[in-house]
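These notes concern the structure reproduced below.
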Amino acid sequence: MDRGTLIGLLLGLGLLALAISMGPNPRIFLYPEAMIVVIGGIIASTLIRFPLSNVRSAFAVASRAFLTHPATPQQTVNELVALSQRARRDGFLGLEDHLPTDSFMKQGIQMVVDGVGRDHISDLLTQEMYSTQERHSLGQEIFRFIATAAPSFGMVGTLIGMVHLFVSLKDPSGIGHGMALSLLSTLYGAVIAYLLALPISGKLDLRSREELQTKRLILEGILGIKDEMNPSQLEEQLNASLAPRYKTRRPGPSRG
Amino acid sequence: MDRGTLIGLLLGLGLLALAISMGPNPRIFLYPEAMIVVIGGIIASTLIRFPLSNVRSAFAVASRAFLTHPATPQQTVNELVALSQRARRDGFLGLEDHLPTDSFMKQGIQMVVDGVGRDHISDLLTQEMYSTQERHSLGQEIFRFIATAAPSFGMVGTLIGMVHLFVSLKDPSGIGHGMALSLLSTLYGAVIAYLLALPISGKLDLRSREELQTKRLILEGILGIKDEMNPSQLEEQLNASLAPRYKTRRPGPSRG
Amino acid sequence: MDRGTLIGLLLGLGLLALAISMGPNPRIFLYPEAMIVVIGGIIASTLIRFPLSNVRSAFAVASRAFLTHPATPQQTVNELVALSQRARRDGFLGLEDHLPTDSFMKQGIQMVVDGVGRDHISDLLTQEMYSTQERHSLGQEIFRFIATAAPSFGMVGTLIGMVHLFVSLKDPSGIGHGMALSLLSTLYGAVIAYLLALPISGKLDLRSREELQTKRLILEGILGIKDEMNPSQLEEQLNASLAPRYKTRRPGPSRG
Amino acid sequence: MDRGTLIGLLLGLGLLALAISMGPNPRIFLYPEAMIVVIGGIIASTLIRFPLSNVRSAFAVASRAFLTHPATPQQTVNELVALSQRARRDGFLGLEDHLPTDSFMKQGIQMVVDGVGRDHISDLLTQEMYSTQERHSLGQEIFRFIATAAPSFGMVGTLIGMVHLFVSLKDPSGIGHGMALSLLSTLYGAVIAYLLALPISGKLDLRSREELQTKRLILEGILGIKDEMNPSQLEEQLNASLAPRYKTRRPGPSRG
Amino acid sequence: MDRGTLIGLLLGLGLLALAISMGPNPRIFLYPEAMIVVIGGIIASTLIRFPLSNVRSAFAVASRAFLTHPATPQQTVNELVALSQRARRDGFLGLEDHLPTDSFMKQGIQMVVDGVGRDHISDLLTQEMYSTQERHSLGQEIFRFIATAAPSFGMVGTLIGMVHLFVSLKDPSGIGHGMALSLLSTLYGAVIAYLLALPISGKLDLRSREELQTKRLILEGILGIKDEMNPSQLEEQLNASLAPRYKTRRPGPSRG
């Protein structure tokens, strides 16, 4: 799992647990009625807002984004250059025994092996790239929607709780307990929104931009291999389209 | 009805009913005075904000969007290709006995049958497309306005209730009941905004984009039929303008 | 007066009156001190924000927009075509006895009658069009500013009321009445913002876009008349620039 | 001073004073501790946010904008045309005895008198124009920042006051007075933001746009004088770049 | 350290300390439990939102931005012109003994000394420029995120505190103290957001724009030196790309 996300989640939830456990009655913080309203309201409004299929795929994308380690641009360049060298030596068919693990790169190399035309490879990988992109941006949109919905349904739960409380107000001694319970909905909503949904939506955005760049790099590399480009030329070209800090080689001094 | 929307609505309202029924006096949650202020205020401000005719058509569009199942792009392509094959076999007049059910496609095919000129067909369908688009975007705007107005009038209702409450404050025993009632306006406003208006406005947006894409596809298909294009060529062309995952055929490997 | 706006205003104010009258002491809702702070604060901040002359003209534009019925695009096209026919029959001078009521169209026709050059007509009407546009957009801006200022000064009034209340707190029995009064400022601010200023600003925007379209149509028609265009050609051309549902004739089927 | 701003400020502050004086103890509204937190917090955060030099120049620009009456475009055109006529009659050197009062126009005319090259005049005045523009937009930004900071530090002050209050809660009789005092911070923040900073920022924006237009006009006029353009031609050209309502002459009818 | 920032920080924190010390029990304002929730929540959500490496580099960039005094554009121009004169006199190798202190300029001069080709110098410095820019904009983004997260976790802390308080409500005498403590979280969140994170994010933006301009200037100067441009020509060219007020010389009058 992505280290920063994991540390952040553990830290955040741990500190909440610590702060809660300092109180006289930590158990009260688990309040099923409030959870029903807040989590149920978020799910219900998300289902109304987004098509069912999108919600499913968004969560799949999000968990994949956090559970897998994307290759760095350098690793990607190195792998593509190595494939290009092998293709030079053994021909395209020689690539079949060393298919890469990244599914996008594998798909491209397989098409090179199968002798699919250059334009078809380019079209298919571009389409694949954009539909990944589309799924990712939908994922961010869903988490951003949740970040808006969570405090709203927190408020709805608190309002329901307070109406219950005020209506049944016989003896003032019960007001404290009732008020505590009704505030829990707001607390749940705030934690879901600000500790989970909002930061996750932001990180998905970063991840998605990274992945798009990597896929662009792979597409360029696959086409270079298909074109039987010289491996060191290919490396130079791939480097040229990288952000500076990711380059695998830095240009040395040359008398100009 | 659109399944996700239906499930979401039932789930959301069901959970609210459940949470409400857990309290000592669920009946109190139906409070006509608060409904008058919140729902009345929303209607009044919407009438001031939007022309009467727009409001009517927006609700018509919205309910149609949720009650009908739009054809998938694949179904649309298949239907257009079938029509094209029939036109090849039986001539344009042969299409008259098999008019499609989709009203936009039907309108186009009818014009082909009637021998209307290509440019007129294109103009009329394009205009039809844009006026649908316009109605849809107005619909979203109205629901977004409602999502803003609902919490505002919830607050207005609560303020009126609290003034009533404080003014008539003889014995403190009544404060609980009065406070409960005045909070209900805020609750109504929040539920209308966050469970209904906001997610519906978002889904209308998605639907409207889908429908525009389908209508573009139909327009392209109708013109292809009018041009007596080869059915398999037509299919290829329609596929080319589809998002990848909607293609009815994938290009196979070809030695390039 | 614009029907939707009128109905909305009456409905909104009526429902508020109804909700208020349900309480034990409706009279308390008229609280001059709170009105002074809220309405005075709105006026003061608007005067600081906008030049005096703009504020005056904005209210003039707004009341005109709500009190006059704009002609539909069809009526406008029909009127222009009729003028064009008359010009054909009786010459430009024959138009002088049948000047249109719309002041913009009248101004244009008068220039045609006076023999003003085509470019001057076009320049002057375009300038007129844009300065109307500018006045309108300023009007919307002012109402949008009021929609922001009203809740703010509602809060200011409530804060002043609550300080008064807490300071003079001798006997707790007075707290209810004092609290009720201080909440009224917030209520006034909310009603002014959400029932009046915000929806009016939105409708001014719609009106202004409609009026701009009508003025464009008139400009095109006046220039067509000046150019002694064939009336039926003129109608066709004006229709072509209309949104589809406003066309005065629909193109019939033609063998193409 | 700008009349609308002055009236607005006096009206706003007067009404606040009136509303305050209606209470039992108007003196309590001057609460130095709250002022320290709110005004001090605004100053401190503004110093962190903006470079010292910018803050100083922003207030200078703002006070200048409110204390001086800008010339109307007509006056500016008339003055430039008069200068152009004098230059025709007496030569450039004759302008020296009648330098205009506006510092920007004076700077330009002085350069014409000194025989500075056309391009240098144009460059220098354009640079002057843009650095004025930059100072103005910084001024708006600072006032907009203050409008955000003021309610925030109002809240900070109220929170500090409430903590003090709750902590020292011995006898409930003191709660009213303490609460009143702590609410004053919020009141100060709201008045500074909504009566002062927000409207002033908006008016600076309008002023700055006006001034830019005037400076553009002056630049054009100065270059026309430098080019020894015919005065009536110059007037026509300057008019052409004015918004219609500011023109000094309207084109008369001409047979076209 | 940047003077305005330092003064603002000291002023802001000093005034807060003053306001706090006026209360009966200033010590209560240091409440570790609330700090854990607020500061811990900010750190946790920032770690989820941004990659670990970015957070580290953002704080490094921010502290560097506040602790170092950037050279003024004039100083930069003067230094570049001096370097250019020395290069004229002593050749490129003569520059080696007088490498500038600014690391960006030093990097460029070193490459000139080493005889690196013009295009490589330009590429490398441009890349360096953009990666600095990227780090800076990430820094602003992180501080803006903190400004959003701080009040949210302030609210979370207050909610936890209030639930604790209401639950353990035995005797009403403890409510004051408990309430005071729970409000402290909101206070911490507000101070972190409005006194620190928001203004710092804004100033980082200004700083980053300044630094980019300086680096552009240096790049231009280095290339001029590499091209063995005449020093006074170089100064003129560098001045031409400066904002007017930063020019090291103003063009004098010239007969045109």
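Labels for the chains are A, B, C, D and E, by order of writing; each one numbers its residues from 1.
In this text, a contact is a pair of C-beta atoms (placed from the backbone, for glycine too) under 8 Å apart; a residue touches a chain by one contact, two chains touch by 3 or more.
Predicted model, so just to flag it, every value in this text is computed and none were measured.
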**Prompt:** Among the remaining chains, which ones contact both chain C and chain E?
**Reply:** D
**Request:** Moving only from a chain to one it touches, give the least number of moves from chain A to chain E.
**Result:** 1
**Item:** Averaged-CA centre spacing for the pair chain E and chain B, given as whole angstrom
**Value:** 47
**Message:** Just the number, please: Cα centre separation of chain A and chain B in whole Å.
**Reply:** 29
**Request:** Assign the assembly's chain-to-chain touch graph to one of these shapes: line, ring, star, complete, other.
**Result:** ring
**Residue numbers on chain B that touch chain A, as the complex places them** = 3-5, 7-9, 11-12, 15-16, 18-20, 22-25, 28-29, 175-177, 179-180, 183-184, 186-187, 190-191, 193-196, 198-200, 202-203, 206, 243-245, 250-251, 253-256
**Request:** Spell out the part of chain A that touches chain B in their complex, as residue ranges.
**Result:** 33, 36-37, 40-41, 43-52, 55, 111, 114-120, 123-124, 127-128, 130-131, 134, 145, 148-149, 152-153, 155-157, 159-160, 162-169
